[in-house]
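Several structures are given next for inspection.
Shared between the two complexes below is chain A, which has chain B as its partner in the first and chain C in the second.
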Partner chain A sequence: MKFTAEQLARSMSRISGPFAVMLLVALALWPALRRPVKADERAASPLPLVYASPLELQLSPDGARLYVLCQQTEEVRVLDARTYAAVKAIPVGHVPRGMALSVSGDRLFVTNSWDDTLSVIDTSALAVIATWNVGAEPSGVVEDRAGNQIFVANRISNDIAVLDARTGVEKKRLLAGRGASYLTLSPDGKRIYATHVYPNATPHRTAPASEITVIDTERAMVVERMPLPGVAGVFHLALSADGRLGAAAEYHPKNLIPLAHLEHGGAFAYTLTLFGADVGKPVEIPLDELERYASQPFGVAISPDKSRLYVTAGGSECVLAIDVARLLRFVHTRPRPASGSFANDLSASANYIVTRIPVGHNPRGLAFSPDGHRLYVANRLEDTISIIDPRTNRVTSTVALDGPKVVSALRRGEQTFYTARYSFQGQIGCASCHIDSTFDGLQWDLEPDGFGRDIVDNRLIEDLKGTEPFKWNGGNPDIPTECGPRTEMYFWRSEQYDGRVLADLALYMRGLPARPNRWRLPDGELTPSQERGKALFERAVDRFGKPIPETNRCSYCHSGPKGTSQKSFDVGTKKPTDNSGLLDTPQLTNTALTAPYLHDGSARTLEEIWTVYNPEDKHGRTNDLTKDELNDLIEYLRTR
Partner chain B sequence: MRLRFRVLSMAAMVATLVPVCGSAPGVTKTLDEDIVVTAAPVYEPLAVLRGEERFPQGAQLLLVHQGNAAPLVKGFAASADANISFDGKSVLFAGKQAASDPWQIWELTLADGSVRRLIANSADAIRPLYLPAGQLVYAGRTSTGYRLVVAGKASLSMMAPVAADAGETLLPISHLQGSAIPEDVLLDGRILFEANFPLGSGTTPELFLVYSDGSGVESYRCDHGRARWGGKQLASGDVIFTHGASLARFTSPMAHEVPVVAPHAEYAGDLAETAQGDWVVSSRASSAAHYALKLARPDLPNSASLAMQAVFAVSGENLVDPVLVAPRTRPHHHPSALHPWSYANLLALDSRLSREGDLRTVPASVRLETMDAQGRAVANGTAPVEADGSFFVQVPGDRPIRFALLNAKGAVVRQEHGWFWIRSGEQRICTGCHTGPERASENRVPDVLMRTAVPLDLTGAKAVSQSQTNAPGGN
Partner chain C sequence: MMKSVHNRAWAMLAVVACLWLAVPQGIAAQKTPAKNVAATAQRPHRLAAPQMPLFRFENFTTQNGLPDNHVYAVLVDGDRIWAGTENGLAVYENHAWKTYTTKDGLAHRAVLSLALDKRTGDVWAGTMGGLSRISAGRIESYTQLNSGLSNDVVYGVSVEGDNVWVATAAGACSLNQHTGQWSLYNERNTPMIEIWVYGVSAAADKVYFAVWGSGLLELDQTTGRWDKYEDPDGETELVLFKDQGLIHEIVSSVSYVDKIVWAATYFGDSRYDGRYWHNFLTKDSGLPSNFTNFVKGVDANRAWFCTDKGLAYYDGTNWAVYRPSLTDGKPEMTVRDAQGRVTSIPVTTAPAHNYMLGIDFQGSDIWVATAKGLSHGIFQHQGNPTEVKEKN
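Let's look at the complex of A and B:
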């Protein structure tokens, strides 16, 4: 069992007394005692401070209380919505992600994404009254108006669980988009709209596609899949109080075009898809400008009178204010492109964006007071809440949440990871492609290898220590090399951070933990199928009794605790557009989550690696395996 | 004799420095900030685009401090084009020690008044601007006009004069027949420059952008037509420029210029923005008058136009190009990603797309022309255009080039109005042909890259007929 600094800090926060402090310091220093530490690393070594990291906000129906979901301290903080005085902090589960109130406001539901549970909080007692097991990596949650059913979006299992609202017993699952994450109940309660953060599968080297999954609440059935062509990464969705206008915040990547420069939306468009009776046919509208981008849109809120629509841009550290009347005028008067999307018109937003309101680091969730006079914004990486007056579109006050007053190197590194300020015109940050510090399910055509050459799949960045070198060609020996001048030249296309900021970023990235593996049994044992797969993974003889050369066994290249020998091999997967067939052996950490596969993402599934792209057994001896054996092998790989 | 006249006239001018009234008679404003401004009896702002002298009767930099002016540098027959360093401690300028000297680039240290020459050349060097990372950009005179030159090596501070033959420390970054004059360095690191539109062939002043390594040259906006010059970026990111009789701005959200409602006057060149957000502009009532400095309040509520207050004037002198003597935000440095090639690659994603109206039929081919040393257009060959309008070609670097789209019979269906260049080692993508900066590209693999990742060689290094060997299905 391994812990990151943050995980340790969370655990330690629940232990009090001098012993905890001594242990904390000893653990913090332990890596430094074990190995030589370079001077710059020593300077950056942090005490693992735990920050509130407010992610989502909810107002009680009477507007008296503000519920703040704090991801790193793993609690819901209850504030007086007028004075911002702390009322109570309610501990919840591991890495909470989603939060919703029941219609009456008597219960608050919190999804705990790393222990796969749902915390039910009694808002009178301000205490957790139940913790229910749910699906893999629960994220968004809503309860229907009747209080009969709770819907939970599961990011890893790509579905929406329907629970009995009284018992928490799961009744059914509804298939949603890949990385199902955010749920919104329509004002009349009849529909639930679900979004997902990773794109659905599309043919290799074609545009990504996503959907808004529309659910009939009463019947708990999917009634529509609203297509979002070209979109990869959909976050919060809001509906106007009259239910006639819906808006979802999205990323619209340009991954199929060589990433030669960032100007003119070279890497991303950040957009909203609008739908509903006010709009007619759904339409995608951009949030960007010609020289300023709305990087990483996340939260959406529509004012109660439907005059304004607000969007948080996590990477741009601002809130966009949109005039709804002007927006609808634009939608109805501007001839629509054949694609139905205005995403590529960088001058469009001048027609409806009123202003950009600067807020804190990485703004995420936002919520209106019931009277619409205040807009609350959670600045996740600053531990503050910005309060905006929608009449003036100005921040009237900023509330600091309790927590460390010192910004640690680890925290600075995380801020650097999420901000877009280092890239040309603020278009991208690390998190634009590594959504929530993971990956994006896309393949990119990077410029230095040549246009149309060396198409590369974006890899997961969890638990990186011991997986060096980086890049599919193994060209970067460490994180500072990966994220330093190379990133400046070929990604940011602008001056980036200095050495200290780079060291902070590297510290953050080195500490990114692996999510809990959902395919492993709780006791660490393997299922019979996984056991058989493990034997195949490690076998030295094929089914005909012929020895498999050591270098052609799965376990040779994918060796070690992370499943990589950290060496490059040619496994016969070179494409005509590749400059070389010699490729870095990817780690197997949480490999079940990271489809598609191979260096260029050409294998849609793990199985296709061997059934389609291994005709000569260069990528391990696999052509002698039966379908059942391949299934066993896959079952084992999923446990890595 | 001529030199003596100039010195005398300059001395007389300095002796008669007086604040005078502008558009608000009887009301003058003393600025809190020190300002350096160029004073000249005659000012021809656009002469430089014709390769001619802007200050035919000389010019002198003045330091205006609390309403009083004094020459900024001593011992110079002429000085102009002040640019303050990012730390506010030194001033770049163009100067002539003797009237017969060419304009050269100098740097003044404000603390002690010491002066050193940074560019030593036999030709005029004007309009210097500080760049990040110890570099500067200026306009150097050539036989075909002024060209942009970047001096200094990244990460190397300019501690010594840079000779014209200093190799890599002097990098020409514009490659045109005609002049390009730097106006400002934008916060995103790009150089704003003025040149005539169509680039390399036209006569209408226009504003353009280029990275500090010479890559990515493009029009700032493509609503061409009116003459625009003298651009300066504000802290907000907007760029203010002049049409001569009016001011206008480029803003990030808009694809076209936005008028600035200002009193009717003639406006000259650059403005300066104070720490309070006010503008120090140079204007005159008519061509019969001289330019004087005015303070404008751009954000006064309910004002139909800029409220102007006279700040400073000098009888018989034009006061132009004011700069504040204060630290300022350092722009981002552009990390050059040019490859070590003698050529460049250009990928057009959909050549049918244009601000002038999208073509309804797919061109059959694209022709590349380069300009030779005599200014003649030379055809370098053609490349096929794919069904989706894409093409991928290798072109000569650091030379004027232009494209024409041809139909199946070889007739031109559309061609560029002017010329542009691609730096050697640059890999560039165009959304279409003159689509304007507001049009981003669609996310799809262009057909040409599905067919081949090898650009068709149109550098002229091989026989033109080579292009015929790269028909669809090749490579």
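Let's look at the complex of A and C:
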């Protein structure tokens, strides 16, 4: 029941005195007094609905149970793997991301990416028996076969923690790639393969580079870093049961050329890197086809008999089925490019992709039943599990998880964010560059400013409210402008959003929260170094006692709770390729995570903003600072 | 100077020999088993030199794979040997050398110091242009421009727990590998007067810094308290108060092992047990020179000293010196016992050069960085009780 202002005014004119007051009070309390709403009503209301959002799947060793990691409801749902009946829902920590079973299946490990904890679940009792502290934004997890050590990939600290499997005590951390996220134990248990979602640092305006980090399980040491040239964004990795074939799902962005070439395959290739005895030297093969892309590959599974390889394409809403024998034939017979990569050969995939299997919104994790007769796929933004028969490559059933039966505007916005359906040949979606709704660590050459002009660094999109305008030149006053016609014209080059789709997308964008800041102390206090840095950030006088003009203080441009005055300034960072030096003041939200820095990503670290790119003190008065003071200033900025 | 010391030693040796002849032979035999010092049979007297490790040296230069003969630092990592040279970081594995250069991401071609993170296997290299981390072939470099590193000239590096401790030409600093936070230590927040920090040695309880001109600095990790150890006589050229403190202000290297500090200076060396100092000078020890570039303790009692006139080993009582002869370049080994008796041990090999810059241990073997090549000292005495084992 709703009132319009006109209806309310008409009613009030007929009612007077205390009764009118009572009515007003009742109206004010109305939301609290009204009956429980139905789902379809709530879908239209601003109250967020909580969806299961299944992200990862695990089968128990006997194949009887299916463990479903539900990211939004923050629980592991246990299903009967044959009837799909719900057995139990086990609450875990905040924003769970990774899940793995012990070899015997007696313990299930879940990483909670916003809590920085690991939940240990007893699979007999179906209850959490321990919660251990781990590193920043834990993601992938595996236990070694001996049950001695647990390995956890920490996305923010870019490392892999090694824990004592009995006590959870961290023994050490191994350097991994930037955004360390997914771990795979080799079938013989001797090696762990780690991937990472952001590229490792490379010189400015050179091709990105990533790696597969190979760990000796027993020694818990990195023994190899398999290079992935040109790759930025590596997700799950699978190994065949005989250990001879490995495959990692990855993005191969083409960010060194103008994005105008989307029509010519110029934005992304989505690929697998194959390695192992079956292929010899690692080789990169495309998943894209001539006129349709396999956007945002995520999960990989190889059938127990090694006849098929499956990849979920989150943005394309499908599962790719690959014939392994044909794939290996291709790899061994097709002359390899000098780069070792077939990423740009859109004709290649016809040689090994058998079919695309349509599934739900944003398919992510997938898992085989032990006998290989069923392939389970988690459709994250649809709250369903697709069950595929690998013999026919068809979905035999779709299991709906408990939860809201309607799709809210927020949910629709998230679906729009992740899908590639709006772009030319389904090549990219927002999430192609904003991995897991964050960023990609890359710099792009967008068309509106001219080819080769105004190279821009991709910015974080957390907690955007109060940070308008958008774009580095401040040209987009609000999210609908940022995400609307210009995106459609210069990014998608295809279908136009209708008004509702854009409104939903803007709603989702506005609601993206900031991840917890890992540099702040739990009590909110600042360390002595951070406190000194804060004073420098806010100072009005330099070390020689000379007043710093207000416009040249850190806190002037980077003002307010988000660290932006929402105005543009020229801070002396204009490059010869830039059309203007006037730049939007970027917000400081979680700035520690977003290297590289400056509008074009030329500063590889926070330090370089001032040690290299501020020779004339136009980007704040900083050249009087000692090294100690600059370090303090940076320690403070990391808390923002 | 050396000659007078030698003469005095022989004179003392003669006196001691007379006394020794009066001692029951059974006791003497117990103390010096004949089999251990075969070379003494050739000597014109009946004294046995103390058992000291005998090595066969194999030397590496540019002739057999090293990128440069100026080797500033050496690090043993299991079967791998890392050599920090003036022209790259070389690693010896499976009988072959591989060199990392700035093209691979190394901060600078001249590698001055090396440290191993034993937990992860990562190698940290201090260079003339920053600090590099070599992790399974991937190199990340930290400079004063791109990080919180205090200065690009990194003389020393040490890894303890999650922290990397760094000695630079502008103070010391540490990097917390978990948080990425750099902490700087200099004249503003420590008792450091000069800021040329030449060496650092870190353990869980304490961190020691060798500061050129500012003595030895101690950071107690549990309390955060700093202590400073200086030459008590304050005289650069004199030692007025021997064993009453650090031998000299110009400290070039420090090694903290088994809660014992071994400090090297350009004017002698020191051992400190937290209460008592014991200093070493050429005039009263087996040191071949007071000018010491590097020291590495084996344990609380034993240490190796890299001087400009040879490599010295101290076993807590006796000394051995390994070098090419200063006069004719021929291989030379001398042993000095507690009484100051110096014995020449016939050897056929020697380290590549007298000017020693670094040492590390590989089981009973040693690897030595010199100004003209890298030397592998292959232990010869089987079952020798002075077996070298790294403790730190």
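Keep this in mind: the second predicted complex is superposed on the first by the 593 of 640 C-alpha atoms of A that agree within 3 Å, B and C clash if a C-alpha of one lies under 4 Å from a C-alpha of the other, contacts with A are read in each partner's own complex, and residues count from 1 in each chain.
Note that in this section contacts are C-beta pairs under 8 Å (C-beta built on N, C-alpha and C of every residue); 3 or more make two chains touch, one makes a residue touch a chain.
Computed from a predicted model, the values in this text were never measured in an experiment.
By the touch criterion defined above, A:A325 lies against neither chain B nor chain C after alignment on the C-alpha atoms of chain A. When the two structures are aligned on the shared chain, A:S529 is found in touch with chain C, with no touch to chain B. Within the superposed three-chain model, A:A277 lies out of touch with both chain B and chain C [touch as defined at top].
In the superposition on chain A, contact is made by A:I353 with chain B only, not with chain C. For chain A, the partner that touches more of its residues is B, with chain B and chain C as the two candidates.
Shared-chain residue A:P253: touches chain B; no touch with chain C. In the superposition on chain A, contact of A:R173 is made with chain C only, not with chain B. In the superposition on chain A, contact is made by A:G266 with chain B only, not with chain C.
In the superposition on chain A, contact is made by A:T605 with chain C only, not with chain B.
Against chain A, in their complex, chain C makes its touches with residues 119-122, 133, 135-138, 140, 144-148, 150-151, 162, 170, 177-184, 186, 188-189. Partner chain C is touched in their complex by these residues of chain A: 135, 157, 159, 171-175, 200-201, 211, 213-214, 221-225, 519, 529, 592, 604-605, 607-608, 611-612, 626-628, 630-631, 634-635.
Chain B meets chain A in the complex at residues 132, 188-189, 216, 237, 251-255, 332-337, 339, 345, 347, 349, 392, 427-429, 431, 437-446, 449-450, 452-453, 455. Across the complex, chain B is touched by residues 205-207, 230, 252-258, 260-261, 263-266, 269, 289-292, 339, 343-347, 349-350, 353, 424-425, 445, 447-448, 450-453, 485, 488-490, 492-496, 577 of chain A.
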